[in-house]
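Input: structures, listed below.
Presented sequentially are two complexes of chain A, the first with chain B as partner and the second with chain C.
This part shows the complex of A and B:
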């Protein structure tokens, strides 16, 4: 194959791959929306050693971290339809499990996954905020909820943000595994386009570029946000 | 209902407070009475339970047993409901050894947080009160400084302003100067003297003997979880009755410490 790269295909497929971005972002955003609150709350149960929940969180983190995402996807993708099917049959519901949009399975897997990661991120971040901050808030008449919302969470977030950024970027990249669910995301779209004329190298370069651009933009956004949050800290240096 | 005795308004009474951490008994039945306008200083060696006593009064620790009579209302220090705890915290203020300013808030925001969020005061009104409180502790120039931009002494003065601004019935001071560099202690003590002069009711745990001598109207000496002796500064410093008090004072009082009557 000495023709070199097919530049027209390269450019066209770039836009094909780009059209998968909304799906990748949708999965990322849903996963974060689920994982941020649950991760925070479960991290609190671990720090305060709330019985049952604290052990549950610990085991949960071990399970999710100790298995590859692709395996988690296979398990969810193969077991949930069976489960749903038996429920549908039992209650005589006129629904076909195989009509369910595979993006729902992606939402489930990636939400579970990100929650586990954020439990650990928040656990370390919360423990950097001294107990005195909560006590001071209580002493001026704030309720615990107010103290967390106004004092503890903003300080936790500053510490957690770099790790949340890493988790988000990892999440975006991991959505490429959605192709295993036949999800029309970035990787699958480009690969399908490549199948026609066997232009795999061009397709892979396009995928590479799309993820790179997407992740760089997200990193930039996080940096900007961090700068805004951190304004109370830097001045002394 | 205020309980009046010869024109004195009883503000806070603590009865038989007990507290242990594990096997370690920190408070073994302490009683305490504070009238309106009192400046009470608690002295004692470290580990005597002074700080724990203060923290139990404000429910930062939960006592194992004990009763607080606040403005004539009985509150069980062990079984108080969330609402009772909240109501006591709204009537008291706490100044911490390590200042504990809200790191993510400016000096002014630190002071107004309890007004705007805790008491739902309009922001304009809270800001005016907050500025007045910061002026009072000599920080008119630092309204918008973050704690990381302030010295220890300045931070503690913000801490005192934060306590003052909510106009509490009593301010609890937990060793307010012991985390400070020696040259910064003076500015904080001056502020405390000023607010004492204005009639603020204060309960102060401190190692500053000169403050106890000059400002307090009552001194309590605690050791091993009990009140050993209490009386006027003169009683304690000049005529201590108990051997333990004498030993402690001999150890901590500076050579040139004299009690002027």
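This part shows the complex of A and C:
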């Protein structure tokens, strides 16, 4: 350590860490694809106070926001194999639980988590669109689906986008916990490379840089998209 | 399922985990203390006139926002002893809690900077001017007029940041700190990995109750402190 950083290792491991980016992005995208529609629908149930679903969404959001993501990962990782195992033995399927790719658990945990975050995001965004918008859309003859697709959702999206951006960045950061599922993503790959020569400082500098670049790019992309969507913003002047 | 899952283990492990909550609290409160100080310095830099200080503060916040806490934790854990080594200090033996506190203070500082800045900016500039015009000194005006009002505005955001800190703090077990998550993992290891699910459920129940309690506490506190605000409205 006293001889300073090992620059060759630093550069080599940077590319090792970079090779984990596709997995981190795959988890992020799958989680967002699952969470966006579910989050939107559950947010609507909370706003319209639909009896059972409304309470369910409330408890669900409170649980996810109230417990650390790592504990959620632990719970899923220790409960799903038990469930799967009992299903496999019940239907006499010749499958081993330990052959399931850990990425599936990651998909489940992060979709579960992101949905709850997006419920809150959409709930606050939908409530900023005034009720008159829906009524006006209906009065000019749009169906409910059309009104939502063309009038409500674009306006909601403008308001929700900064928060969705934050949620996405947090999601990318949270994928670093995939090591607990022995998932071959950015953090674990660099860590394994460091195990050989105890070059942990260099490895973590690399991981740090990769996340920094990744998150900055995502933030930049969201900013660009926000500028394009701004035309939907209601002007009250 | 029946033979794997035993609900009595949940209650049993809650009572085993609760004593370790004080480690979690200790780490969290030190991080809040130092993080708030860092937040004040950063907010002062952001609101000040110096362009260099503002850029440094902005850069710090961007970097910290883009770093997963586990990566920051390990950077601190491996990085600080390595830097200390270069100056001839042996820092390998200090308590792991110190590294955890350093990490989460850094992170909480970035969160708090934004909280403090937005609270400060929400107070009308006329408040300060009128306080000075009735003869208060600058320090008095800040302490008696600006600070109490900014505190009420900052409170909900502070509560949210505190909850976020508490949950990120669960990662401290990764460097070997024995807080409640660390203890849970120890119990599981000593059980030969049996009943892991029940112990993790117990863990999640503790965290859940804790965050609901903190949330409610801040709601109550906000109501108490915003009394002064309402009397302003009637004028």
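We adopt the following convention: the second predicted complex is superposed on the first by the 231 of 237 C-alpha atoms of A that agree within 3 Å, B and C clash if a C-alpha of one lies under 4 Å from a C-alpha of the other, contacts with A are read in each partner's own complex, and residues count from 1 in each chain.
The rule is short, and it goes like this: a contact is a pair of C-beta atoms (placed from the backbone, for glycine too) under 8 Å apart; a residue touches a chain by one contact, two chains touch by 3 or more.
Keep in mind it's a predicted model, so treat the numbers as computed, not measured.
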Fill in: Winner by number of chain A residues touched, once chain B and chain C are compared
C
Discussion item. By the touch definition at the top of the document, which applies to A:200: first (chain B), second (chain C), both, or neither?
Written reply: second
Practice prompt. For A:154, select first, second, both or neither according to whether it touches chain B, chain C, the two together, or no partner.
Written response: first
Discussion item. With both complexes overlaid on chain A, does A:100 touch chain B (first), chain C (second), both or neither?
Written reply: neither
Item to complete: Would you sort A:176 into first (chain B), second (chain C), both or neither based on which partner it touches?
Response: second
Worksheet item: Now for A:143: first (chain B), second (chain C), both, or neither, which partner does it touch?
Response: first
Worksheet item: Which chain A residues come up in both lists, the one for chain B and the one for chain C?
Response: none
Worksheet entry | Touch list for chain A against partner chain B, complex | 130, 132-133, 135-143, 146, 150-151, 154-155, 158, 232-233, 235-236
Worksheet entry | Contact footprint of chain C on chain A as seen in their complex | 1-2, 4, 62-63, 65-72, 74-75, 78-79, 82-83, 86, 169, 173-174, 176-177, 179, 187, 200-201, 204-205, 207-208, 211-212, 214-216, 219
Worksheet entry | Complex contacts: residues of chain C adjacent to chain A | 1, 4-5, 62-63, 65-72, 74-75, 78-79, 81-82, 85-86, 163, 166-171, 181, 196-197, 200-201, 203-204, 207-208, 210-212
Worksheet item: Across the complex, what residues on chain B touch chain A?
Response: 58-60, 86, 89-90, 92-94, 96, 98, 100-106, 113-114, 117-119, 146-149, 162-163, 166
